[in-house]
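Could you have a look at this structure, given as structure tokens, before my questions?
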Amino acid sequence: MMGTAESDVIKIQEEFKTEALTPGQLMRMRFVRHKMAVFGLIMLVILILYSFGGAFIFTEAEANFTNTKLRLNPPSAENPFGTDTVGRDILIRTIYGGQISLLIGLAAVVVEVVLGVLIGAIAGYYGGWIDGLLMRFTEAMFNIPQLFLLLVMAKFFGGSVPDINLFGRQFSGSVVVIIVIIGLTSWMYLARIVRANFLSLKEREFVLAAHTTGTSNFSIIFQHILPNSIAPIIVSGTLSVANAILSEAYISFLGLGVKPPTATWGNMLEGAYNYVETAPWLWIFPGLLIVLTVLSINFVGDGLRDAVDPHALVDAG
Amino acid sequence: MTRYIIRRILQAIPLLFIISVLLFVLMINTGDPLSTMGGRRVTRPEDRERLSRQLGLDQPIYKQYLFWLIGNDWTKVDLDGDGTAETQGTRKGILRGDFGTSMVQRGKEVTDIILDRLPNTLLLMIPTEIIVIALSLAVGVYSALRQYSATDHIITGLSFIGYSMPIFFIALVSMYIFGVNFKAWGLPYLPTVGMFDPKVGKTTGQVIQHMILPIFSLTVITAAGYSRFVRSQMLEVISEDYIRTARAKGLPNRMVITGHALKNAALPLVTIVGLDVPLLLGGAVVTESIFAWPGMGRLFIDHLSRSDTPVVMGILMMISVAVILSQLITDIIYAWLDPRIRYS
Amino acid sequence: METILKIENLEVKFHTLGGVVNAVNGISYSVEAGKTLGIVGESGCGKSVSMLSVMRLIPNPPGEITGGRILFKGQNLLEVSEEKMEHIRGAEIGMVFQDPMTSLNPVLTIGRQIGEAMMVHNGFSREQAEKRTIELLNLVGIANPDQRIKEYPHQFSGGMRQRVGIAMALACEPDILIADEPTTALDVTIQAQIVELTKRLQAELGMAVIWITHDLGVIADLADRMIVMYAGYIVEEADVFDLYEKPSHPYTLSLLRSLPRVDSSRGGGERLATIPGFPPDGVTIMLGCPFAPRCNFVVDRCRLENPPLIMVNNDHKAACWVDVNTGKERSL
Amino acid sequence: MTEPLVQVRHLKKYFPITKGILIQRVVGAVKAVDDVSFDIYPGETLGLVGESGCGKTTTGRTLIQLYKPTAGKVIFDGQDLTEIKPKTMRTLRKHLQMIFQDPYASLNPRWTISRIIGEPLRVHTITQSESAYLERVENLLETVHLNANYMNRYPHEFSGGQRQRIGIARALASDPKFIVCDEPISALDVSIQAQIVNLLEDLQDQLGLTYLFIAHDLSMVRHICNRVAVMYLGAMAELANRDDLYDDPLHPYTQAQLSAVPVPDPRVTRARKRIILEGDPPSPANPPPGCRFHPRCPIAQPHCKVEPPVWREVKPNHWVACHEV
Amino acid sequence: SPAATPEPAAEQPSAEQPMEEPAAETPMEEAMEPKVVTFAWTQEPDSLHPFYTNMWFSATLQQLYLCWAWEYDDQNIAYPNLVEEIPSVENGGISDDGLTITLTLRDDIVWSDGTPLTSADFKFTYDMLMDDANSVNSKYPYDALTSVEAPDERTVVMNFPEPFAAWEANFWRGILPKHILQPVYDAEGSMMGADWNMNPTVGCGPYVLDEWESGSYMRFTKNENYWKGIAKIDDVFLQFVPDDAAQTAALLAGDADLGTFIPASDVPTFQDAGLTVFTVDSGYAEGWFINFREMASPAIRDVEVRQAIAMALDRQAISDDLLLGLTHPIETLWDPIAGGAYVSPDIVPWEYNPEAAKTKLENAGYVDSDGDGIREDLDGNPLVLVHGTTIREIRQDIQAVAQQQLREIGIDLAIESQDSDIFFGGYADGAPPAIGEQDIMEWSDSTYFPDPDTDYWLCDQLPSEENPYGYNYYGCDEALDALFQAQLVETDPAARQAIFHEITKYMHDNVLWYGIYSDPDLWVVNSNLTGVKFSGVTPFYNIWEWDFAN
């Protein structure tokens, strides 16, 4: 009797199984409903096309082409964004500068994520004195305002760094320096998030189940806990890209950023305050591009946050 | 409570130790304050060699740190370079309140250098913070209560823009508009640099006029972040069970918001403000640079660019102490405001 | 007997990303003054939603009351102004919520939270409200009330908090107390305390009580009348003794059979009866009876037509095409 | 009587309350389990009941060494689990499994069902080949009455009851002898609980399993268990054969508990005499001296406040910790 | 340079007029309203103690509140200030062997508080400089003396172990007030912490410091005891401005009467606005220091390559376009000194001629064998040179231009820039120039102006582990070293000039230093100011004579 009853169960269950939305689908739906996030994503695509697609129209040599006769020309038909102090075309420089700014943003976040996840995961998983030590260190780093720390670090690594060759292009070695120091000064927040996540996930029953099974710590960290912490890491990582781009702009603005001839949106602004009045095109265009990029990334990050957060309020609009 | 405070202060000690070691190592290995001492010419080798000995820069880093920390009046130093230390050291070390003297402003106490600038920074930052808190509470709560309304969308959009804008950009734009262009158009324009017009002198009116643009720029950036935070806190709070309970009691909406939601929503802001306040001491590096405000931020940049370790360390340690103190004060205020912590 | 609350064809929907959830699908029932109505049903069957609708506290968006009337003392609550509703909430209908941990405001004193409703509805001064609050806390069995009104929710244990919640709901002596699973989060010994308390208070104050639960044991002790809900529908309604004696809906019947009892050992080896499958999700629109897929008595008609609530006995209604006593299809 | 499969002796588990940052000072302890002894016999179901926070879960987890015990022994199949080497413990783990309370939290949401169920197979290299592995997973799914086609789906596609079956399948994968069931049904709807309970009973019959069945639902415990242990605030209050305990509870706490359980029958339940306990259980960080139950006990005597009662066998197989019995 | 020679003399008489006119109307108010000249100052001095700062923006101010034994006029010719006359062999001030120099002080010189300034102050200054406890910035050139004596109140005797040709340009630049600093020194064992260092309210210049608010301003007020005559303008007010733009704005708005270190690009704007721009040679020259040490790239050590580079850069365009014609290309470090008197007349300036440069490279064996536009040497190593400089807009601009122009002749210039405290760091700090990482280093430098001496190219100044602070970042050339050693002790001006002709020709032809442009000081002054003259050495040497026209 039992057998039939139970097989009935299965039959009925299958029959009435409605296709539940997968978490992925739900996330996508929530993201798409976030209008600003979609706008941000589109803007971001346009900006990426601008920076990387523009490279098919203009060469890097053109971006660095100086013509002292054309010094500080205002925007015109030939130079839609005007020229800088040595007569380089600002439009082309924003294209190549954009590549570096975006590269710095992304790469710095990679550094940040690696550090943050590693430190957060170890502290959160092992707890005890390891946690105490790592968190004290994290807190110490946190206690120094990021810009100050960035400046000190930029100075520290500011000696001579050889140029690097990547994708057949020559970059100022300072690009790497900036990437590293932005990463080094921004992982703390992520580490805390990851730690908190690990702390709560390690008490979750599926992790206990893995312990009961005899699974090794390594597998538990990397196969059970980490994949379940991905969402907050991605959200925080996305928002960090915006922050990294801003950080680059700040230190470059203060003259400690990426060294010429490599252009970035940030270092195109270096000393801009000397031209507030006389040559506003020098700072308006790269400045606007930074704002647009950061804004778009923040929009996307916000959308992602709402998308991955099941507690996020349901948007009726 | 006193025991708690003492314990917290004791806990801060290892923290400050880590911070100071970290920064000291970075600073000592960064640039050479002696290299620019020759003015427009490269410093002479003899002078460099002598000065580095006399200022203790030739010592191994742990010794330099030790002297910075606890002073060198317990030992002798070699001033004349004959290899024997014969002169009694005079430094007391930061633990005894001696922040040392500046390398580039030889003989000038770091404490004096900092105290010269601190009031200016506070003059800029305290009003900013007050405006920011008031503004973001008002805007954030308003926006949350009218979620998805046109106003909310506009406020959200604007705060996103403010939040995404590098401060130098808003500063340059506001300078360009309110300083440069208003002047060009013959409108009343705002001064863009310094604290006062030397022709008029340091009058209250002058200082206030000069404060407008920097405060405006700082406010736009900070208030944007804060108001987004307040808005999301408020949204979270009004979906809490206890708000439903309050409504179920038949309280009018206004009472539900002011009596029940606001305090819960504003509480976390205390933490954020507590985290930010000490940073104000450091001044807004960029804002002060652009608007030529003689505050801590510019001081920091100037001395960092000349590798003046004592001054840079002084500023950074002061901020770190302030951060820790302010976290402690935040905790106390939080406990005072939040009964869950007060009674546990 | 005086009917003070009458619900007619109430329909509530939620607009979610997964689709429209039909939380309550046209239910009707009435509550009599001074009596206890028990509502039982599995998680998600619409118990809370139907009660929040009475209070007009359905979060909108995403929720929406799409139809029906809620007649409280003759007036349709779905039509009165928000101000009027504020006067009814708390003053005439009190509500106690499920989770005593989250439903009190953590940063306000207990005294203030109980007292404020009286200040709003009864125009009490602060002193009057405080005095009454102390009385109320005494009433719900909290020792040292004059001390405890100055304390905060986290200083109370779960059971205590639920008592506070009850005191709060009773502050303005409402005509109806709605208790939404007030003991689900509590231990049996504490649950017994709350149940006793409620019984005592009802006897003293004479209000009607609507007690929502999914525990057929608790409600057997408390209720005068019972409603069984399934998937947003009322499937059975009866006097409490009637319902347990002669369950007339297959769902109620199986539910009662699947419950083990503490008072009798059924001996080893005897299996519990089961209800196969699991409840519908509320999104999928189903033809026919929502319980049909899990029903042992199912007939063809069940899959095509949703049965209405039918009077099966005197004052005993069930929504089923089949007479469970005979196993035969009703002739309707 | 047969040899016990599990012997728990003076088991203690304290969770330290620490303060301090770099150097963690222990300022106190939550005595979640404080000197508990009992046996579990092969093939039986031992029920463990008690109020929320009394240490049931902790007992279960400490028993299978998910938590390192503060003191005491757990002898499983003749081996003291608290003393063996971690490596041996890992291999022993396949005999000791656990089913968890929350079917939503106990399955890794990013793993497929086959990977979840197969984890013990891989860890203990029980199956040698991929096909053997799949076959075993299919078998397990069938054992818990789930369709083997579901193998490649993710947990969110299942209802609570189905997930609990998946959890059970995982626990069965390594062919354990002993399973700790930590409130496996309390998160489920009433109509689903019976399905799971029946399944657990069937499996016990088929596979000769031994259960420690943790629950707070005394009615269900009466249905499923052979013997029942009652815990209060980290300590054992009473332990007896099922019917002995339900028909003749000795400890005043057990009596109160049983009287408070509602019966789904209005006539019966309204006729029952209730012992209503005063107040709430105290915090395990700071248990009352003497008998832990004395502040709420209706029959407490002065010496109960000072002297902790002894855990003794008052009748054959009926253990109780009370001065007044 | 057209703006370089204003005619201040012509305006002198007019200075008298404003004194009378308003005085007649409102004598009371006129007496109360002080005349203030405002300087826009882009860098705040770090210290006002002459031996604790070498900062140009501080040292420049010394003529306001301090006095030198002799100062320099607008032709950079020394004139006696504290001394009766400048010592020479002819007037007996310098002994025949060149080992003793004797100064005779004026009898009317006093400190601003009325205390007479005597030889004791000179001796005190020397003693302080030599005392290690004081940690002064530089002991040069006093460490070249064996002793200083003050036999009487008005006589100072300096004793040298060997002749010291460059004495005039280096000694007695700022005398310390013994009566102020001696007590501090006695009390603290050092004068380092003296209040006077930051707050020199007692001095011997036409002004004394009145107030200094850190980060904002500094005010000097006239010295009522100045022995040359009381200054006509009451106060000198230094407004610290953050950057060039603020300075420009202040000058254009009339908020400041004087500014310096202005960006060349703003000069036309100032001229249009009716401000006077002075171009004053101060010996500085912007140039490329070539690294020919063994760690440098083999190519840069090849004279042919260096010569090719010298022909590849369009220096005229840089001067004309980037510096708006305010300066001009130069050939040697000595061009701006003494009207070029030390530069060999035989030097043929390098012409901008990329074709010739290419040919030169071609002939030297550098050809672009792989077609990437960059030449390779015989071993196939690409011709890549590292160019380093400090972070400053004009330098980075020049780098960008040079990179492109050198690329045109097939040289790849890798450019880098560092903060000056890093760039000029020592060998031990791993500073790029010191350790020889860069092939070409650019900055602006001068000799011991107005003296032509420099020891940058001396062989014993090569940096190394043993000599970590050595500042010959360029290389040791035995011939050059011998020439520099010889001029050091050559006290006969004509003979010394001949040596420098040899030096300059040698360095120019071998391109050991490649001049970009002469780097004069630029001063922008309100045209209402009269009597304004600038010296390259002691800029405000006659500030006590300045006044406002109406």
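For reference, chains read A, B, C, D and E in written order, and residue numbers begin at 1 within each chain.
Just so it is clear, contacts are C-beta pairs under 8 Å (C-beta built on N, C-alpha and C of every residue); 3 or more make two chains touch, one makes a residue touch a chain.
Note that this is a predicted model, so its numbers are computed, not measured.
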item	value
Contact distance in steps, from chain D to chain E	2
Most widely separated chain from chain D, with each centre as the mean of CA atoms	E
Most heavily contacting chain pair (counted by C-beta pairs in contact)	B-E
Chain of greatest Cα-centre distance to chain C	E
Rounded Å distance between chain A and chain C, as computed from the means of their C-alpha atoms	49
Euclidean distance of C-alpha centroids - chain B vs chain C, Å	55
Inter-centroid spacing, chain E versus chain C (mean Cα positions, whole Å)	91
Whole-Å gap between the CA centroids of chain A and chain B	25
Touching two or more other chains - residues of chain C	271, 274, 276, 278, 294
Residues of chain A whose C-beta touches two or more other chains	2, 9, 13, 20, 136, 155, 158, 273, 276-277, 316
Residues of chain D whose C-beta touches two or more other chains	21-22, 162, 195, 198
Residue ranges of chain B in contact with chain E within the complex	30-52, 54-55, 79-81, 87, 101-102, 104-109, 113, 116-117, 120, 192-199, 202, 289-292, 294-295, 298-299, 302, 305-307
Residues of chain A defined as touching chain D within the complex	2, 6-7, 9-10, 13-14, 20, 22-23, 128-129, 132-133, 136, 204-206, 208-215, 224, 227-228
For the chain E and chain A complex, residues of the former touching the latter	242-245, 249, 263, 265, 317-318, 320-322, 388, 391, 393, 396-397, 399-401, 403-404, 414-419, 422, 430-432, 437-438
Complex contact set, residues of chain C against chain A	15-18, 61-62, 271, 274, 276-278, 280-281, 283-284, 293-294
Residues on chain A engaged by chain E in the complex (per definition of touch)	64-66, 68-69, 71-72, 85-88, 155, 158-161, 163, 170, 172-173, 255-256, 259-261, 270-271, 273-278
